[in-house]
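Order of writing sets the labels: A, B, C and D. Residues in every chain begin at 1.
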Amino acid sequence: MTEPVSYSSIVLTEITRSFRKNGIKACDNISFSVKNGEILAIMGENGAGKSTLMHILSGFMKADRGSLVFPADPDQNHPSVGMIHQKPILAGNLNVWENIALGHPQKSLVVKPAELSSSIRRIQENYGLALDLSMKGWELTAAQIQRAELLECLLLDRKILIFDEPTASLSEQQAEELLLLLKRLKGEGRTILYITHKIKEAYHLADRIAVLRKGKLKMISPVGEISPEAVSEAMIGKGAEIPDMIRKAERKTFSEAVPVLELKNINYSHQGSIRLKDLSLQLHAGEILGIAGIRENGLACLEDLITGAVRPQSGKILLKGKMIPYLTPFRFRKHGISYIPADRLKRGASLDSTLGENLILLKRKLEGNAGSYKTKLIQWAKKLISKGEIEGQAEQKVRTLSGGNIQKMILVREMHEAPALLIISEPSWGLDFSSREKLHYQISNARSRDAAVLLLTTDIDEILILSDRIAVLTGGELSETAPAGQDWNRKTIGERMTGADRL
Amino acid sequence: MISGILNNAAPLLLAAMGGLFTELAGVLNIAMEGMILTGAFTAILVSNFGGGLLTSTLCAALAGLLTAWVFSLTSFKLRGNIFITGLGINILMPALTASFSQKIFGNQGIIHPGSLRHIPSTAGLDLYTWGTLACTGAVMFILYRTYPGLTLRASGRQKDLLKSKGISPEKVQTAAVLISGMMCGISGAILSLRLGAYVPGMSAGKGWIALVAIYLGYKKIPGIVAACIFFTAAEAIANQAQGILQIPPSLILSFPYFFTLMGLGLFAILKKRRQ
Amino acid sequence: MHKKLTILYIVSILTAAILITGCKPKAVAKENSEIQLAVFVPGVLAGSPTYEMMDKGVRKAAEEKAAEVKTVEGGFNQAEWKSQIMALASEKKYDIIVTSNPAMPEICREVKKIYTDQSFLILEGSKIENDTVSTFLFSHLELAYLHGYFAGLVTRSEMPGANSDLKIGLIAGQEYPEMNQKIRPGYLQGLQAAAAGAEVDFRVIGNWYDATKASDLAKSMFESGVDVILTIAGGANQGVISAAKEAGKYVLWYDADGYAIEPGTIIGSGIIREDIAAYEQTQLALRGELIEGSSVYVGVREGFIDFLTESDLYKSYVPEKVRLAQDKVIKQFKNGQLQLR
Amino acid sequence: MNPSEKKEFRLPPVFLILLLCIAAATGLILLLSNDPAEALYYFFPGIFSNRLYLGNFLNYSVLLSLTGLGIIIAFNAGSFNLGGEGQVYAGAICAIAAALKFPDLPSGAGIIMMTLCGTAAGALLAALSGIMKSRWQVNELISTFLLSAGITKVIDYLILGPLSNPDSYLITTGEIPLQYRLPPIIPPSHFNLSFLLVFILIPASYFYLHHSRGGYELRMIGYNREFARFGGLNLGMYDTAPLTVSGALHGLTGAIAVSGTYFAGILGFTFGLGWNGIAVAMIASRNPAYLLPAVLFFSWMTQGARVAVLQSDLSLELGNIIQGVLFLLISSQALRGLQKKRDPL
């Protein structure tokens, strides 16, 4: 692993970084180098230390120990590294070009909007990155934010680009476009570090694959010299088997009884633009209805609508046949509905409260005779912590938990009481193989217990694995609902989703 | 009448512009009151020792800056609670100026230099009002058309964003506090130089009202300008009303606050309706 | 969590204990032979000529008898005054507490109920039956009358700042009993005597320091036809002066020589001789001749209240006709023809 | 410093900051006073030197505890009550108005009536802001402040006009009947039985916030509004209720300030209780459990300054300088050496 330094664009030597709070080493003695103009896929489960390593590379964090050298760059000041974050960071009150300008090298104090916009536009045309520059940050979807970050990196002509799971929030079509773009960027001589869970993507794209596990570099090898099995073994460890991706769970025929959730002719528009058009759907007990779509194309809006965060201009929402004239999150929860939001950190968790307090949210009335509410709360939390296999203490602040554990926490909270209706949005965002497997198992289990499950996702595989019936949402319009099976496959869903993808 | 209101709104607007910097940086700046008073005192002090308008104003800005520096030091470097340190500045500065005044003039109260300095004016608006208007334009330009301005507007409460761009949020906040200190200092100078005297407590809640104006204007410059003018106009009307209406004068004093509150409420209701 | 708490509590208590025991009480009680006086200023000394005069008077008398004086400023919050006086009395080392404000007698009487040995001398205070504190009262009615009369003369005059409207102004920091019961009526009465049918525009700032607001109020009054304003607004007086100067109008200064503050703008000034009162009464007290519960009520005739007409500035800015008329009414007070109590 | 060292340093830092504040005050006194020994004596142990000072210190602590508690409760629900001043004042004036209107009730009934009226007045004022917040998303920071500033002027008017006592030269209302006054425990100070309220309300609030379901829900909203909202909590209620309780506690403070300390409404007599309440709430890190020590320390410093101003050569300004410097230092996390922190605003 010791290439001549002159060919390398990054050389890492014994990079170590531990977290003060728990003393766990997120990066443990990692050494490798990246060649000029190569795509290196960096793989690993949640909490393997990928993000920390990338933060160190981009200069966002400092390593406790070890050295980081950019041979091509005399300043050594991370200037040539650009990062496209997984959790997008962007100022909501600024519009796109202002956000891009933020990172611009500041030769002068004064911003020249015309000049800047025209150079951004040039890059847009060059790389085919369509984006309305005058949109405000808060209006952007995850995919658009990603595009904005990429534009910024290209404008600055970053030679080293780091992508942190860029396809996680993209549709199939968008993802493919992105991968093509990456190849083109490579062709221009840029070095690309690509973090991903998806083995397929890594093989499709990368020259080499590096695998991290528990902060250590497990392997780094050219793609041609290693089998996918070996990669996954390096990621998950020996002995663990990769379960069959597509679980052929028993598909029930749902009853013709009153639907648990019914939407009738919903119309919703926001600031003049129509977001949902004449949308109707029925969801019965014991089935999983998968709605595939792109977040910005109505999926996020549908999520808000069903949970009562926004109100439709017209149409009816019925729960168990009963009309709810004025749905709010409060009333929505009162009907005992479980909800796993796409936005886990804001809607799904309170980072500054304890794990116990987060777990108790839906179960505020606690039974048990002895002790105060707090002791009961801790007892209860302990039960759920062990049930959900969360690594954490009841009185630990959630902020100190890893992303995977926060996810587990939300899951066990929402699922343990066998809800009659479960709304899940983007369930496997940021999950590694095994967690994703477990989650899918839990969801199908919930169905077996006669829960009605509404699955909103951009992940076509997920839809195909889980759903009994499938519909596709594009441009605010919902397609016919059809049973999973022959009618729907990757191709048909993908086409549906992207056919209307005008962004 | 209108030029009078504009003139009166100038110190408030200037303080609010300064406060906008801190507010955008996510700092609740309640120390503005103390900074204004410090500026007012310094301006008269310098003026008393022969300083011209410009010198006095600049020294007031400097004094505001110093006050702001103490405020930022205790709030950021020592990581004090911004509310308590702000109150601390508001208690400390009037007392300090009084002690200074005692040392210099042997008098803790009103400082009244021999001659009033004439403040040139055109079209009914004096130099300071024009200055404030120019400054408002400049702030608009800085915030929307310069890189530091963009950074400031982006910072808000998202510290991660700045960190990812390699900017220290603390530095941004400190800079914002220092700028607000300077502007509050000048705001104080306007108050005292126009009057030709320093009166203890003469800021009379302007720092607070500036803060209210920032919120009332939804942290947007046109909104803040409108809020400042609205409040000043309400006060002017109340002043006039004392001479006309048969309502007890003490009661009229409450009107500007209630008018402003009603304005705030109506605006919020309209906004909600529109959604 | 709880452990931390307990320790916190213990720490606070311990710290307190250490300081109580560790800090030795200094020689608090001074030699008893020396006479100790306390001057309590209900407000602040600086910028308040009447309180300065009181302090000066007491100190002058004390110097002659080698007594020691401690001056305490109480600040503007009236609600604190009682506990401050109580605190002074509780030290039991002051032979007499001198203070000045119409509100002080009732406060001191309350305190006297607890600290019965404490003597009080209150300037500007009115007596009640079977009083326990000594009071000394100036006639604000007379002073306000003189101001009102003078203002009436000015508004009727041909002076450059005077207009045809028979309208004069009064600006107060706040409304307070003395203002509503003595100064306003006296001012109006004086005005009517000089210019029958004229009216008073009365406005309130709401505090004693917002000079900018005072200036705005004054401007608004000048615009509505007022040509002379009596201002009783503490620090905010500055605002009235600056507005008047700008508008070329006039200001009356209430209870201390104010001509030099802004020549040509301040054209009339009254005075209350608190220094003389404080000096004489303190002398009495030091000689042991101040009788508990004694009271004095004085006005122009006794020489404790005056409208200052000897100043060169007064003479140069006020036309002779006005001065003569004003002298006449002052003389009437001095020889007892007129008396308002 | 390595992590383990820091942990050992967890407890003493609070002690350190107190010592540091005391040291700063001592330093300033040495610098500013001509007779530092005397000034120091009055500033620190001075309040224990006589019954009056001690009683005043305790009495002020009682009032401050209640307003501080009000701030803490609202703050835990994510509401910042900046209108404490007006709420205390309103509570006080309503208590007085009630007492003057019905002067002939028996002692107990009268005191209860005054207390209820005061509490209701404060609660009503804050509830208004709460309703505006929950219905129209009007920022409570501003609405409480504006409402308080406005109502203060109205009350000033009431004291000057309709409620004024024509027999007094103070700007004051009439005095409340004798039987409505809480008897002092440490005469001649006004320290009275209302201190029991502190020993009931602080533990009760602590228990409520940290050991009950309602308190749990309330804190969740303070921590993360969105999370609480989608967890099915009734935000409307929690935007209104905690603010209302906060206002009620301020109103209560006003009422007992009248029945226990002032007996009449002198213009601006409750000034400072609101602001200082916020300060102690911040020092106590918004936890009722830390409130009492915070209040005692704060009250000791402020009352000490007052005694020192009265009895030594420290002037009003010097007292304020010392107090201002204490404010600048007292909440410093860096000086406390605590690593953990969360932005309060």
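Some notes on this structure:
Rule of thumb we're sticking to: contacts are C-beta pairs under 8 Å (C-beta built on N, C-alpha and C of every residue); 3 or more make two chains touch, one makes a residue touch a chain.
Just so we're clear, the structure is a prediction, and the values are computed from it rather than from any experiment.
For the pairs B-C and C-D, the larger set of C-beta contacts lies at C-D. Compared with chain C, the chain whose C-alpha mean position is the greatest distance off is A. The centroid of the Cα atoms in chain C and the matching centroid in chain D are 33 Å apart. Here the CA centre of chain A is 73 Å from the CA centre of chain C.
Remark: chain A and chain B have CA centroids separated by 45 Å (rounded to whole angstrom). Looking at chain D, residues 153, 156, 160-161, 315-316 sit in touch with two or more other chains.
Residues of chain C in contact with two or more other chains: 44, 174-175, 206. For chain B, residues that reach two or more other chains under the stated contact definition are 98, 102, 108, 250, 253. Chain pairs that touch one another: A-B, A-D, B-C, B-D, C-D.
Put simply, chain C touches chain B in their complex at residues 44-48, 174-175, 201-204, 206-207, 209-213, 215-217, 219-221, 224, 235-239, 241-242, 245, 261. If you check the complex, the residues on chain D that touch chain A are 3, 207, 210-213, 215-217, 219-220, 223-224, 226-235, 339, 342.
Those residues of chain D that touch chain C in the complex are listed here as 10-11, 14-15, 18-19, 22, 37-38, 40-41, 44-45, 48-53, 56, 153, 156, 160-161, 164, 166, 168-172, 187-188, 262, 266-271, 289-290, 292-293, 296-297, 300, 307, 309-311, 315-316. Across the complex, chain D meets chain B through its residues 132, 135-139, 141-143, 145-147, 149-154, 156-157, 160-161, 275, 278-279, 282-283, 315-321, 323-335, 341, 343-345.
Contact residues on chain A toward chain D in their complex (touch as defined above): 20, 23, 307, 309, 329-330, 332-334, 339, 341, 343, 346-353, 357, 360-362, 364-366, 372-374, 377.
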